[in-house]
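Chain lettering (A, B, C, D and E) follows the sequence in which the chains are written, and residue indices restart at 1 in each chain.
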Amino acid sequence: MNSNNIKLSINKLDLFYGDNQALKNIKMDIKEKKVTALIGPSGCGKSTFLRTLNRMNDLIENVTIKGQIEVDGEDIYKSNDVIKLRTKVGMVFQKPNPFPMSIYDNVSYGPRTQGIKDKKKLDKIVEESLKGAAIWDEVKDRLKSSALGLSGGQQQRICIARAIAMKPEVILMDEPTSALDPISTSKVEELIESLKDDYTIVIVTHNMQQAARISDDTAFFLNGEVVEFSDTKTMFTNPDDKRTEDYITGRFG
Amino acid sequence: MNSNNIKLSINKLDLFYGDNQALKNIKMDIKEKKVTALIGPSGCGKSTFLRTLNRMNDLIENVTIKGQIEVDGEDIYKSNDVIKLRTKVGMVFQKPNPFPMSIYDNVSYGPRTQGIKDKKKLDKIVEESLKGAAIWDEVKDRLKSSALGLSGGQQQRICIARAIAMKPEVILMDEPTSALDPISTSKVEELIESLKDDYTIVIVTHNMQQAARISDDTAFFLNGEVVEFSDTKTMFTNPDDKRTEDYITGRFG
Amino acid sequence: MRKLKENILKLLVYLSAAFTVTTLVVIVGYIFVQGIGGINPTFLFSDYSSSGDGGILPMIVTTLYTVALSIAVATPIGVLAAIYLQEYAKKGKMVTAIRFATESLAGIPSIIYGLFGGIFFVVTLGMRYSILSGSLTVAIIILPVIIRTTEEALKTVPQSYREASLALGSTKFQTLYKVVLPSAIPGILSGLILSVGRVIGESAAILLTAGTVAQMPGGIFDSARTLTVHAYLLTKEKGDISGAASIGIVLIIMVLLLNTIAKVIAKKLNKANY
Amino acid sequence: MLMKSQAVEIERRDNKEGNKNKYIAEKVAKNVFMASALIAVISLLLIIGFVFYKGLTPFLFKGYSFTEFIMGSDWVPSADKFGISSMVAASILATIGALLIGVPVGILTAVFIAEVAPKKLAKIISPAVELLAGIPSVLYGVFGLAVIVPAIQNVFNLPKGQSLFAVIIVLAVMMLPTIISVSETAIKAVPQAFKEGSLALGASKIETIFKVVLPAAKSGILAAVVLGVGRALGETMAVILVAGNSPVMPTSIMDSVRPLTTNIALEMGYAFGTHQEMLFATGVVLFTFILILNIVLNKLSNKAVD
Amino acid sequence: GSSSSNNDASKVTVSGSTSVGPAMESIAEKFQEKNKDIAVEIQQVGSSAGIKNAIEGTSQIGMTSRDLKDEEKNAGLKETQIALDGIAIITHKNNEVKDLTIDQIKGIYTGKITNWKQVGGKDTPIVVLSREDGSGTRDGFQDKLGFKSEELIKEAQISDGSGNIKSTVAGNKNAIGYISFGYVDDSVNKLKVGGVALTPENVKANKYTMARPFILVNKEDAMTEQSTKLIDFILSDEGQKIMEEQGFISVK
């Protein structure tokens, strides 16, 4: 398989919250089985952009979207099958949002809605996913207790586990390690590393080192625009744009 | 004034969620007008500990607390005046929790409950606090719009602004920069630096560099226990405990 | 200043609660004092007789029929309609208009519903005076309550739950069924409990649609008299207040039982919720 | 590493197992929801249509003047006189009065149950309030007639106790259960994080309740008020017993009044022909009245928070 | 219970006045004892609804406590008077006024007399209670006194149903009201009118003039063998005796 296949192709994307333009003329090609990092200052539109990729912004009122987003060559805003899209494109949110259910039910939720009923299979998926999200050891004895009684970082990892339990093709991660300690962080980074073989990953991060460490491509957002988008090495060693350089080196603002 | 005054003194603190012990025999003296950092892996009890300091855990059912916490020499669990305590000891939560009100109302909330009605005074407090939290420029034109329509990092800074608007004596911050980009992070760190002159600050962070940069003392938590508590320099250069060393250097787990 | 305001507010809260509780105690107390004398096994468990020494068994049975039937009809329609309005329909003039109509209908006196039911169900649809006609009529009466309370309950479910579920490729329906509805159960339940109260307490609308036949109903196609209609006729025609109060006691106990059952069922349904 | 082995046997969980069902279920569900909404809307429209058709007949086809109907002060059906101005006034006054008592008491009681009372006490009061909702209005009326009316008569030393005042009290009490239970649920649904945020700022519990919790629960509380008012306004059996029902313009709160609803319920049993249609016309006026009231309530509650 | 089909030949459906209803229930009980194969269904839904039901065929027989309006008469209903109901004038038990003349009563109800002392009682205002416009009892009452609805004192308290009037009068020492004779009990004081007490004998002898008829109405073609049998039973001696036991006055 050509590892430079384009999985997601974004073109002339504009997004408005009411009259407020949050994304301006975004153009980006996201490669299959690569990790693409989105960086940029708070409020620049990273989450907004990420949420357009699986049409999560459909749920917010007063949002207008123009332009094109293609997944596997298909315009996702033309197709009606959002569900298929979201099965294909999984997501971990910025604020951890476990369901008010047990840990087990949280993680098995996706597979169950896909129609998997076999208890053994579900058990296996739950275990694998929790291990993958580096939280199995902490919760294996309390799988039946509520996910809401977990610490912030634990909740975040439950949400990661929930997303990978679906085995989507693309995983969108909005600051998945922001609430994690260095060890869990490195475990999640390892996870991302290994997932790369099979998944296309788009990750928002505020951690430059993390972006540099794990991503293949990086996009730098500023005020709703993509200032620079290139492979990570180039961006971190030899950025095109002065603003990118300033941001990466922390001289910005 | 002696800068080594003890502001908070914690002694033999145990905390249980139901039967589950989350804090074990904690002993710690937090110095006035210093920054104390709490570090440790996810789920080790940092937030829980922080929340005992302003009696936020009172709100959770089935929590049992034993031991002693003194603020300015007064046992906070003996006194009945939680409100005074919380006015004195402000808090920024791990998950940003702005009220469903306008940005202005969020930040002026504390001062208003304190009885400040003068519009000019409030305006000034709001502006100063938002500037302090490094978000003034981003929101100054939309002070009257809902705080819920902000990005994750913006919400977090609103919550910081809301806390410092109260001018408490102690500020508890639970990962205040986890959702922030490097620039905002360094602005918040600057803020903490400058607040130090007047406030006692306790901060939970997963970022070792941050802890090293901004804190005077550091406590390392593990499984509900304080493994090591000493001044930051010592801890990061010459830790007592093997486990601390492993954690700090990332060799842990 | 701050303390004063705070104490005044606190006082108001306590006073209000005290007012409510006092009202409750006085009303229930009054009903018990007036009615307890009339409560005996014959009254509860024997057939009605116009001579006055019979019981109210037929009315108890009729009331249970009516409650069961009208709740069974109105709950699904009301809850599902609320789901449609809240979760599916495009927010706009249409939904606002429907909501307005619904709310305004909640204030129309039930006798008008009764007259409508008396023409629509009893005559036009040929159901005649029957428990069925009566139940369908009160089902319409409680529809606004169920719709509105369900809508509110749905609104309180955090959006992040929906987002999380949809992002996992669940359909809207799965999201509703597995995440949203379980979280909304308490709100829906309070609507249902209010509705049960409304059905049980209804007289005018039922009188004009289910009729007043004081006999044991053989089925839902029979005309029959509910407890409240019976109490109504007793006070209105005979001025028999203690008789009405005795019925009141039976109704209070019945409401208590029904509410408990509703809560137990809801708890079962709600097992997904922690 | 663990993850590697897992990655090898990767198996996408898309459209294979039982996934078709899910799409079908979605379609079916959506249609069922829509059908329910339609049934609800149709039945409600039928009633509205029915009331309006019946109620407007005298004005459209029989040459009665609507203005005279609204403005007229005499109501003598057997003499073909249909004027409801006094009843409109009575309804407005009774509603405002009941709102002024019932709404604050109801909301504050809900606050008490949801936030202030000890858990155990709340667990007793809450179902007890639901009980109030289950007491038939006839019995509220009987209670009003036997307790409230004589009390008013004696306390104020009047020839009779049937009065606007008695109506207001009975209505206020009758709207309580609805307002309390619906607001209670709304208040309980306010996320803990909001409360924590406020308390951490040194706000007291009461401040938190009034400044954060109640505004956050505003939509539910508004629904509670609207439904409560609806319940009270639609209530007739109790009011008939305590209002006195004289169709005269009230000049004091101790005057007997006949609100619109009672007019309908009182005479419907014997009414016939034009008389009956005029009672429906009263219903039309009532409907409009409630519509306006709802608009006002909505506007008020929006203002109160923004 | 039984099937509710209207065509069910063994069933007689009766609906209408709540004043007539209870008496009809007693009659039906006796009637069914004698005719085990016939079921009688009685609905107390008000005179107007009863008449309407008889016209529309929802019921075979309608019960009314008021005279038919012209429009109703045009519908071709057959009327059968089955009893007379004396209208009792009642006051609070402690009211010392025990006797009023027709003129005094009329004066009170038309607002010319407003204080009990004007008719020999205490110096307290009179609280006038009346039934709602359209009520059969009110029709009968006003007819016999000779005044029209418009003349009724505006401030009169209006109650629906004899029971409500009775409860109200029992609770208010200033009140006066009128109710169906069948419902009078000792919670209130029953006045003499012009010195004549309300008794069945006095009504029959036309000494006590305030009375109204109870009427059954039916469409000829809706009648069955069974329903005819029921009406015959009511008019029989046995039926009329039950009417008297219920406090009404036989038409024989």
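By definition in this document, a contact is a pair of C-beta atoms (placed from the backbone, for glycine too) under 8 Å apart; a residue touches a chain by one contact, two chains touch by 3 or more.
Protein identities per chain, from UniProt: A, B = Phosphate ABC transporter ATP-binding protein PstB; C = Phosphate transport system permease protein PstA; D = Phosphate transport system permease protein.
Computed from a predicted structure; not experimentally measured.
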TODO: Return the chain pair with more inter-chain C-beta contacts, choosing between D-E and A-D.
DONE: D-E
TODO: With chain centres defined as mean CA positions, report which chain is farthest from subunit B.
DONE: E
Task: Whole-Å separation of chain centres (CA-atom averages), subunit A against subunit C - done: 47
- [ ] Indicate the whole-number Å distance between the mean C-alpha point of subunit B and the mean C-alpha point of subunit D.
- [x] 46
- [ ] Find every residue in subunit E that makes contact with two or more other chains and list them.
- [x] 18, 45, 49, 160, 164, 167
Open item on the list: For subunit C, give me the residues that contact two or more of the other chains.
Closed with: 158, 171, 174, 235, 241
Task: Of all residues in subunit A, the ones touching two or more other chains - done: 83-84, 87-88, 95, 110, 113-114, 149, 166, 168
Task: Complex contacts: residues of subunit A adjacent to subunit C - done: 54, 56, 59, 61, 82-84, 86-88, 90-91, 93, 95, 97-102, 105, 109-110, 113-114, 145-149, 159, 162-163, 166, 168
Open item on the list: Taking the touch rule as given, give the residues of subunit C at its contact with subunit E in the complex, in rising order.
Closed with: 49-51, 118, 122-123, 128-130, 207-208, 211-219, 221-223, 233-241
TODO: Can you check the complex and tell me which residues of subunit D touch subunit A?
DONE: 1-4, 6-7, 10-19, 21-23, 26
TODO: Please name which positions on subunit E make contact with subunit D in the complex.
DONE: 18, 45-49, 51-52, 66, 69, 71-72, 124-125, 127, 132-136, 148-150, 154-160, 164, 167-168, 171-172, 174-175
Open item on the list: List the residues on subunit D that touch subunit C in their complex, please.
Closed with: 22-23, 25-26, 29-30, 32-37, 39-41, 43-48, 50-51, 104-109, 111-113, 116-117, 125, 127-143, 146-147, 173, 176-178, 180-182, 184-186, 188-191, 204, 206-207, 210, 219-220, 223, 226-227, 229-231, 233-237, 261, 264-265, 268, 280, 283, 286-287, 290-291, 293-295
